[in-house]
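Scrolling down, you'll hit the structures one after another.
In the two complexes below, chain A is the common chain; its partner is chain B in one and chain C in the other.
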Partner chain A sequence: MHIPEGLIPAQQAVVWYAPAMAFLGAGLIGLKRHLAAIPSSRPLVGLMGAFVFVISLMPIPVPGLGTVSHPCGTPMAAILLGPLTAAVLGSVALLLQALFFAHGGITSWGANIMSMAVGGSFAGFAVFKISRRAGLGLGISAGMAGFVGDLVTYGLTSLQIALALHGDEPAPYVWGAAFVSFMPTQVPLAIAEALFTAGVVVFIANERAEILEGAVVRP
Partner chain B sequence: MKRWMIVLAVVAVFLTAVLFTESQWEGDVTEGAAAPLAEKAGVEESQVLPWKIDGDLLLFFFLSGGAAAGFAAGYYWRTLFSESGRKEMA
Partner chain C sequence: MTGTSHSGDSYAWGDSFLSRIDPRVKIAGFAGLLMVNLVGASYLVSGLIALAMVLLMIAGRIPYRRQLLMIAFPSTFALFAIISQTVFKGGEVFVALGPFDLHLDGLFHGLYLSLRIVAGGLIVVVLGVTTPLNRLCLALRWFKAPATFIEVMQLTYRYLFDIHAEFSRMREAQRSRLGWSSARSGLASSRMLGGSLFLRVYERGLRSSEAMRCRGSGPVVNGALPRPGRLDILAGLAVAAFLSALSLLALGGPA
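Showing the complex of A and B:
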């Protein structure tokens, strides 16, 4: 979902930057308060930061298609730390990837934040909360959050691409076509993200339930 | 047993990727989706940063970044889940 440098017109880049910076600012304030209130959650923040960076940078080949893509990691971080903190971790990862790893860009940073860091986090978090309230198990809820969060990220990326590059064609049509073109590659990766998210959340809840006190793991 | 299952799963993923592909990995799926639209719209990727990282330098950065993130993940994993790490935290 890393939209490269230059594909988004300057005006649209600014439009994506504005909410992205608002989420980033709110997330940083929230993270500072969270760490001050619960210093023992620092290692979990560090672990999730490293996970999000690696997961969202890892080009995973999809057999038979000849394409590569990556999961997001932000739904998992949102379940364990809250969506705003996950948005901060995703934003930092995206910045490093744009600066040093030829993934994404500085002008497209705002758009990429809105799709992966914000969209993936909040969609995953919402699905997890709704699933838990509906009485579904921890692993199933986390897996669904990972799956939906991943696809929402690519749905937003498709929207951004469509708005930027639709030309004479209707933007909704281009949006749909771009989203459909992602599906053969992204659905297998969304399933992988679902399994990984469920595994990590269940493992942490079983091993260190106490560090998740107050987190959203409990309905 | 569990450890060997994980190793086998990783090897199976790599083997599947290598054996069952008909073409070389041609790049990120986002670039694949955006490239035809960008060409149609007459838009090209540009460069804003004063440096360009590609070739072996990009490989170096990927390896270094992966190693650094792997080290950080392992460190925090040990702090959270090993007995010694828990004692240090307490």
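Showing the complex of A and C:
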């Protein structure tokens, strides 16, 4: 779920923008170097950006909360290209979705970057790396990355909504309520994202292993 | 890729006056409107912005269905804002529904928030629907957005169409072989579809990228926007006047 234009107060929008721009800037510096060194990696970067765009634009209604939920795609991008590049791709996808589908917003772009592009990418990538180091298989590691990345994204989005809308209630209480409201749709979606991420990563490893070995842009 | 046939920006390529306005003017003006909408803290400011955007959409003949589709997402959140504020924000209780007290102050604040969300959504809709991506990218470049960011934006946009074309073809082929006849076969088909789609589009992209490099094509961002014309200056002045009026209202007007 992307936070729409106008929901977050101006001060909070600035607070979310600051770290989002830092991650985006760092990701762009790394990506610029990578594209200059390996120009042939452009198709992979563009393709993953498009994948994130498509995957995160599948609205599924959330009962009770009156809004929609969707998979993220950023954990898969982080496995293939590294978390900072995945953060850049997520940011681009969010901007295009805001402009062409009013899905998200411009002043809420920073908040959406922090939850989906940064949170989903880094959580997914960390889980993938830890799982691989623990000796788990590629499919299981990728699946766990998809599952955790998805839930972390929604945990952060729920926090952002709670901070913006808690009114006179304690923010942690509203955060918990929002997160629980997402669960009926988000857990099945996280499982679907896990299966999809695992399936695609294993398929790529079997068919074109060099994409997994050579393409990761190091953070 | 022209982006005219099945793309999201087919209207933007048309000959409406909104599409002809220089994207730099639109970006600067709409950024100002977004800020005023957010910090204005006034029903009147957000209401006037929403009204102005609706009038612009009618005057620019933006297709109705497109407008409704795009405003659906912000509207669900607007509803959510009303409900959540009525419950969470204190003040006078006007109805008690089981464990929930509904507060009058919260209801009014929720209504204001929902107006702000709808107005903000409409600003973004008008900007997005009336500006083709290539002109938007050139304008962003003019505003000194990083070239790598613009390049990734253009690459992403281009691959969306490749994914769309391959996806339709492959899904149809799977369906004709009963690949989606049950939940089990559907799951297997979706994984196969995801992986194959990725590889096919990737290989197609590699070939076209290689061909472009052989032809000497450089980075994707190229070209420049023409100098602003009379329409652009008029539009800029109109937005500046509107923004000034809104700012005065926000500073001294009724909350």
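In this section, the second predicted complex is superposed on the first by the 204 of 219 C-alpha atoms of A that agree within 3 Å, B and C clash if a C-alpha of one lies under 4 Å from a C-alpha of the other, contacts with A are read in each partner's own complex, and residues count from 1 in each chain.
Criterion: contacts are C-beta pairs under 8 Å (C-beta built on N, C-alpha and C of every residue); 3 or more make two chains touch, one makes a residue touch a chain.
All values derive from a computational prediction rather than experimental measurement.
When both complexes are superposed on chain A, chain B and chain C occupy overlapping space and clash.
In the superposition on chain A, A:Arg133 makes contact with neither chain B nor chain C.
Look at A:Leu96: by the touch rule set out above, it reaches both chain B and chain C.
Contacts of A:Leu31 after superposition: chain C is touched, whereas chain B is not reached.
In the superposition on chain A, contact is made by A:Ser69 with chain B only, not with chain C. In the superposed pair of complexes, A:Val54 makes contact with chain B and with chain C alike. Of the two partner chains, both chain B and chain C are touched by A:Leu7.
Touch criterion met: A:Ser181 reaches chain B, while chain C stays clear of it. In this superposition on chain A, the options for chain C are 20-28, 38-46, 92-100 or 110-118, and chain B clashes with just 110-118. Overlap of the chain B and chain C contact sets on chain A: residues 3-7, 40, 43-44, 46-47, 49-51, 53-54, 59, 65-68, 96, 99-103, 105-107, 165-167, 174, 204, 207-208, 211.
Listed in rising order, the residues of chain B touching chain A in the complex are 16-17, 19-34, 37-38, 40-41, 43-49, 53-54, 58, 61-62, 65-66, 69-70, 72-73, 75-77, 79-81, 85, 89. Listed in rising order, the residues of chain C touching chain A in the complex are 8-9, 31, 34-35, 37-39, 46, 70-71, 73-74, 76-77, 79-81, 83-85, 87-90, 106, 109, 113, 116-121, 123-125, 127-129, 131, 133, 136, 146-149, 151-153, 155-160, 162-163, 187, 190-192, 194-196, 198-199, 201-202, 205-206, 208-210, 213.
Listing the residues of chain A that touch chain B in their complex gives 1-7, 40, 43-44, 46-47, 49-51, 53-54, 57, 59, 61, 63-70, 96, 99-103, 105-107, 157-158, 161-162, 164-167, 174, 178, 181-182, 185-186, 204, 207-208, 211.
Of all residues in chain A, those touching chain C in their complex are 3-7, 9-10, 13, 24, 28, 31-32, 35, 39-40, 42-47, 49-51, 53-54, 59, 65-68, 88-89, 92-93, 95-96, 98-103, 105-107, 165-169, 174, 195-196, 199-200, 202-204, 207-208, 211.
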